[in-house]
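Notes for the one structure printed next.
Going in written order, the chains are labelled A, B and C, and every chain counts its residues from 1.
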Amino acid sequence: MNEKPEKLIDKKGLRLDGRKPDELRPIKIEVGILSNADGSAYIEQGKNKILAAAFGPREMHPKHLAQADRMVLRCRYHMAPFSVEERKSPAPSRREVELSKVIRESLEPSLFLEYYPRTGVDLFIEVLQADGGTRCAAITAASLAVADAGIPMRDLVVACAAGKVDDTVVLDLFDTEDKVGSADVPVAFMPNLNAVTLLQMDGILAPEEFEKAVNLAIEGCRKIYDLQKEALKTKYMLIKEEEEVEEE
Amino acid sequence: MPTYFEKKQLVTPGELLAEGDYLAGSNTYTEDKKIYASRIGLADCDNKRVDVVALRSFYFPKVGDIVIGTVLEVGFSGWTVDIKSPYTALLRASDVLSRPFKPQNDELSQVLNGGDLIVAKIASYDRTHDPQLTVGEPGLGKITRGQIIKVTPSKVPRVIGRQGSMISMIKQETGCQIILGLNGVILVTGKIPEDEDIAMAAIQKIEAESHTSGLTDRITQFLKEEKTKREENKNE
Amino acid sequence: MSSLITRVRMKQIEQLIEKAKRLDGRGLGDYREIKVEQGVIEKAEGSARVLLGKTEVLVGVKVETGTPFPDTPNDGVLTVNAELVPLASPTFEPGPPDENSIELARIVDRGIRESKAIDTEKLCVEPGKKVFVVFVDVYVLNHDGNLIDASALAAVAALVNTKMPNYEVKDGEVVIKQGYTPLPMKNHPITVTLGKINNKLIVDPWLEEEQVMDSRLSMAFNDEGNICAIQKGGSGYFTQQQILEAMKLAQEKVAELRKKMDW
């Protein structure tokens, strides 16, 4: 439909959306917005709008999927039909199945699975609007949903992608950059443990460029981690601040 | 070595709390001699023990705890009970009938049916089985009157207050009987529904403001105001 | 996955790895014996069978005509599917592809697609209307660990083996002529998978090691030595240091495999 842009970075070194190569898109995060879920979070990153909800720990249904010695995490990453330019069928695509798996595997290392044997935690991620880097934003929101549900965690998991467009390694690619650029490297990270829990790459990168991209993605992760913590604290601090104002 | 937080600081999962010669208390974990928070809550240090009072948690069964639950289903030899925990609890018929159970004579649904509320004690629990309940002690059994309110289990101690000061005060001011399930379910029974409503509102306020100071005084104030309001409404 | 391995066995594997050894006598950086046979299914346009230790994967390539994707009107189409055939393992059940077979197919696809292994422009018959569609079907016949590397290797070997019938376009119809042309290939990606057990990296995890390892990292390299696909799997994690260590180790192994395959 749209013409493929010739250059993704202009003479001033700015990208198509005006950002510098190491700049993140604007991010907004809210925690605890769904009343029926045990934990929930909503994230907007650029034009991405993603909702995540956690249920559990609770008894597994069907029972035969339960593990005798640990908690089981189930994850469903799903895109709404209206989330992309051309309507997407509601049936799960192969991409959604793969992403559900890698997202689950990015969050499992943060949980103490052995604490709650025979139970399960269900994570539902709905992408309401997609503009590149949805799996990363989804992980950032899903991890907050788990924390909001009061499930103990080793650390919050935060995710961000880096990539290459027009010979420059850039941070947080949006859809056009992802499609037209030459590489995309999504990374999920637990900052306090220096642990990479998701790492994928598609495109072509020289080994040095890959190293640069991973480092840049991790820097981006650290910045988003601060926003995650803030969003989580905001939900619980609000009352404290109101009280302090009243007492003055 | 110092701790890395201030008293009652709000911490998030994964935040480094202390390093070295400290004990890892509730809602924390250790890795490489460092203590991290595992839940969002308020960090505190007492006698070299680092604890996090969780602002959000769920109930994990412990033997001996008094809990309030809802009967889910009538089974063959007992009932399954929802105790607002990752695990469903079981109540054996033999425990309730306090004599051997005869399937042909005893109709379990007459004793307890789905939707009934009970106060029970956790008799046994381990990693491989669901918690077993007992009602064979005074004060336990089916609930016939009153209203139920649910709070996050970690806030129940706040509702109790230091040496029971908070809960005694609420009982006194409202004239209600209050049973606190350690699973976060609280039963309030008053002479009239309005008394119960005031007590429940007070408990909700405690949950919302549990991490602030001067709460006992504020709740006392709140209860007095609510009672006055009600008197005024009556007189109009 | 259900535990098919005893605790005693797990400990045995872990203890050996501490001493830089593995149960089958391999070093931490060694592949099992690899055997590659091409052209094993005559009715397919291309095929290859790979034996990696006891892991056996058969890939068949079928080439048919079809319509191109709207955003790439001048390019042929590649589609990769993987079947974890029930007879390959007691853990594989009959039915539609599950997350493991979908992930496997997509990893193999990524390596081939991103390295531009197939010269898809040369598969164009009539721009915007008719192109050749290359179906790569990965058939896992025996699962003894490291399905990714075996499947990726078999897929590229099968593509190299693929011959397309000669054709000409008469009145808008594709007419098959005599003779065959090899599938136009531009690159030969090679994938190396490393497992992590107790913070030690091992090359080509075998089935029981896969049940002990906490995570895996697969990396695909093209002829020029550039990375074209990466996938981390499993419920564990890697540190930044371990990722770079894995990359260097993978580069070494890719060079060895490239020499062996003569690609």
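Couple of notes before you dig in:
Convention: a contact is a pair of C-beta atoms (placed from the backbone, for glycine too) under 8 Å apart; a residue touches a chain by one contact, two chains touch by 3 or more.
Here the structure is a predicted model, which means the values were calculated and not measured.
Taking the mean of all protein Cα atoms as the centre, the chain whose own Cα mean lies nearest is A.
Centroid distances built from C-alpha atoms place B farthest away from chain C. Centre-to-centre separation between chain A and chain C, using Cα means, comes to 28 Å. Inter-chain centre distance (chain A to chain B, centres taken as mean C-alpha positions): 34 Å. A straight line joining the Cα centres of chain B and chain C is 54 Å long. Touching of two or more other chains is recorded for residues 190, 193 of chain A. Within the complex, the chain A residues that touch chain C are 94-95, 97-98, 100-102, 105, 108-109, 113, 185, 190, 193-207, 210-211, 214-215, 218. The touching residues of chain A, when paired with chain B in their complex, are 38-39, 56-59, 68-69, 110, 112, 116-119, 147-156, 190-193, 228-229, 232-233, 236-237, 239-240, 243, 247.
Residues 10, 12-16, 27, 29, 31, 36, 38-40, 54-58, 60, 86-88, 127-128, 152, 208-209, 211-212, 214 of chain B are the ones that touch chain A when the two sit in their complex. Touching chain A in their complex are the following residues of chain C: 97, 99-100, 102-103, 105-106, 110, 113-115, 215, 217, 222, 225-240, 243-244, 247, 251.
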